[in-house]
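In the two complexes below, subunit A is the common chain; its partner is subunit B in one and subunit C in the other.
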Partner chain A sequence: MLDAGLCRYVLISYGHNAFSSASLFTMLMDFAGDDAVFGHFGATGGYALAARRAMHEFNTGPQTWKHIAVAQRAWANLNPHAMMHGKPMSFGDYLSSKYVVEPLRLPDNCLVNDGGRAVIITTLERARDLRHRPAVILGLGQHNPSVQVTQSGTLTGSTGARKACETALSMAGVTRDDVDACQIYDCFTYTVELTLQDYGFFGPGEGESWFSEGTIGPGGRMPVNTSGGQLSEAYYMGLTPLSEATMQIMGRCKDRQLGPATQTKEPSIILVSDNGGILQAHSCCVLGRI
Partner chain B sequence: MDREKTHAIVGVGYTPQGRVPGRTSLSFHLEACTNAINDAGIPKDHIDGLICYRHFPAPSDENDLTPHLVAQHLGIEPNYLSQDAN
Partner chain C sequence: MAYNKPLPRVNGDNQEFWEGCRNHELKFQQCASCGHIRFPASLVCPKCLCSDFQSIVSTGTGKVYTYAVYHVAFHQGFLEDLPYVVAVVELQEGPRLLTNIVGCSPEEVSCEMPVTVAWENVTPDISLPMFKPLI
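Presenting the complex of A and B:
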């Protein structure tokens, strides 16, 4: 649209009174369809099914996911706007929290909140005349192998995230080694593990050791979901990761800013993901400074 | 790719978040959009494309949200309106 001259500035918006109405809870916890007769209720049940299968096939589970939940909570505590700001969480807190749908505990689940988020996209040429440093879209990839999890050839990956990432990195002309940070769609902790695994940061079953070095938290070598993400900041579908990547590239994140403030790398290249359905539709964006 | 011919994000809009009772989904769209436009520092009539991100079904006491409704309430007339699918 921008290239064709149809549009000059495109606004992308999300808003939902999800906490104060029943619609999101219904989607997460209510009948999914005919498969409810087999005990499949809602999106949380679908992700729990996939996570349980992954626990069976290779080494993952709460001992891996606790690192994701706790690291993102640490980021949220550097972000005054985050819903979980001021609510620190330890590994013990995580492991003693209740199940929503086993094996997913409450802190494995994204937040349900009222609120909205929007971003504006234009050409780089126009962007240079505006007030903020442009967050440049260097590469995009999408891969949607199936619509329903019941049609998926695999529950545990690789998912469409693998090809979406390859396409986006190739378009950007960069490699995974050039990536300074990631903003990963995190409806559940397991989604973060599987997406980063499919992006090639580690192999199946190697997540626990990869995450365990404080890798994705403040001061880590590969920061992930630096606003707190959907687990600890707020849920706006793909606009939570995309808006945070933008703010980090623009250098507007104050206490949680990547770089010297958090003993992390200055962000020149950030990988951003989104995923829809139950691990079926995947997009990846390479956002950068140029 | 030719990096000079690429695109960039130039504004971000936030709203109060968490438990914010008494508000419609539409009102959060409008507040986020208005804040993004102000953040980018452009006049609102420069917005000529509007994409509503994929969303969940509306609660039973609200109309389903459309990009047309968002544009109408923002007071803009985009050339392009789209509702992303879930």
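Presenting the complex of A and C:
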């Protein structure tokens, strides 16, 4: 539409009073359909089924996921807008927290909150004349296996993430080694592990050791979900990771800004993911700087 | 006391399945062309798109593909059951069902555990296929 000159600016926005209304709960209850007959509701249950199968097939579980939850909480503590700002979390806090649907504990779940987020897209030519340095969309990829959780053979990977990422990197003309940071759709900790695994950052079961070196937190070599993400900043569906990647490339993240402020690499390339259903849809975006 | 949990919404697509359940039979469609046994019911075979099928009755045995233990009740009807186990059971014939594992504690459930159907008659018209450990 932008290229064809049909419009000049496109606003992508998300807003929801999910916390102060019943609408999210109602949507998830409808989503359950006849699964409700067996007491199976919402997204946590579906991801718990996927996560449990993964624990059977390769080395994963709370000892892997604690690194994701704790690192993202550390990022949130550098972000005054984050719901969990000022609420630090240790490995001990994580491991002693209550199960919601086992094997997923409360801090494995994304937040429910009110709020909104938006990004504006325009042509690169126009963007060059704007006040802020833009983030550039270098590549996009989508893959949607789409099979419902009970019949799915890909709950433990590879999900649509693998092909979506390959497509996006190839369009951008970069490789995984060029990626400086990731903003991963993190409805649950397990989603972060599986997405990074399908993206090829580590093999099945190698996540625990990959994460354990402080890899994704402040000061880490591959920062992930630097706003705190959906787990610790706020849930705005795909706009949480997309807006954070945009802000990081633009250099507008203050205390949590990638680069010298957080002893991390200044980002030229950020990988962004979005995910739908119970690992049924995936899109990947490569953002870069000019 | 009246049954206070959600009931299946019986419609043209799933009617044969739930009528089978009322008679304590797990009935599935088997493709007349390629032999694939499918669930949920559909107009054509998802493997070969053939529309002819015959009904088969499952032995009711299978194994736990995966499971989750609910520690929170999202519906009042399940409050007394906490903690309870929701599982995906893969039947010997191939189809996978979302169900509950009963007859053992949540700690005893594991992936690949052999199970057999345990019928739960919840109303005069509806019996639910739950599963218990196969001893």
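Please note the rule applied: the second predicted complex is superposed on the first by the 279 of 290 C-alpha atoms of A that agree within 3 Å, B and C clash if a C-alpha of one lies under 4 Å from a C-alpha of the other, contacts with A are read in each partner's own complex, and residues count from 1 in each chain.
Just so it is clear, a contact is a pair of C-beta atoms (placed from the backbone, for glycine too) under 8 Å apart; a residue touches a chain by one contact, two chains touch by 3 or more.
For clarity, every value in this text was computed on a predicted model and none was experimentally measured.
Room for both subunit B and subunit C is found when the two structures are superposed via subunit A, with no clash between them. Applying the stated contact rule after C-alpha superposition, one finds that A:L6 touches subunit B and leaves subunit C untouched. Set against each other, subunit B and subunit C differ in how many residues of subunit A they touch, and the higher count belongs to B.
Looking at the shared chain after the overlay, A:A261 reaches neither subunit B nor subunit C.
Angle at subunit A (Cα centre) between the Cα centres of subunit B and subunit C in the superposed arrangement: 100°, in steps of 10. In the superposed model, A:G45 lies in contact with subunit C only, and not with subunit B. In the superposition on chain A, A:T150 makes contact with subunit C only, while subunit B stays out of contact range. In the superposition on chain A, A:M171 contacts subunit B only, with no contact to subunit C. When the shared chain is aligned, subunit C comes close enough to touch A:E102, but subunit B does not.
Subunit B and subunit C never share a C-alpha pair closer than 17 Å once the two structures are laid over each other. In the three-chain superposition model, subunit A touches subunit B and subunit C at no common residue.
By the touch criterion stated above, subunit B contacts subunit A in their complex at residues 1, 3-33, 35-37, 39-42, 46-62, 65, 70, 78-80, 86. Residues 5-9, 14, 39, 65-75, 77-78, 81, 83-84, 86-88, 96-100, 106, 110-112, 128, 130 of subunit C are the ones that touch subunit A when the two sit in their complex. Subunit A makes touch with subunit C in their complex at residues 29, 33-42, 45, 48-50, 52-53, 56, 98-104, 149-151, 155. Residue ranges of subunit A in contact with subunit B, taken from their complex: 1-3, 6-24, 26-27, 81, 83, 113-127, 130-132, 134-139, 171-173, 234, 236-239, 242-243, 246-247, 276-277, 287, 290.
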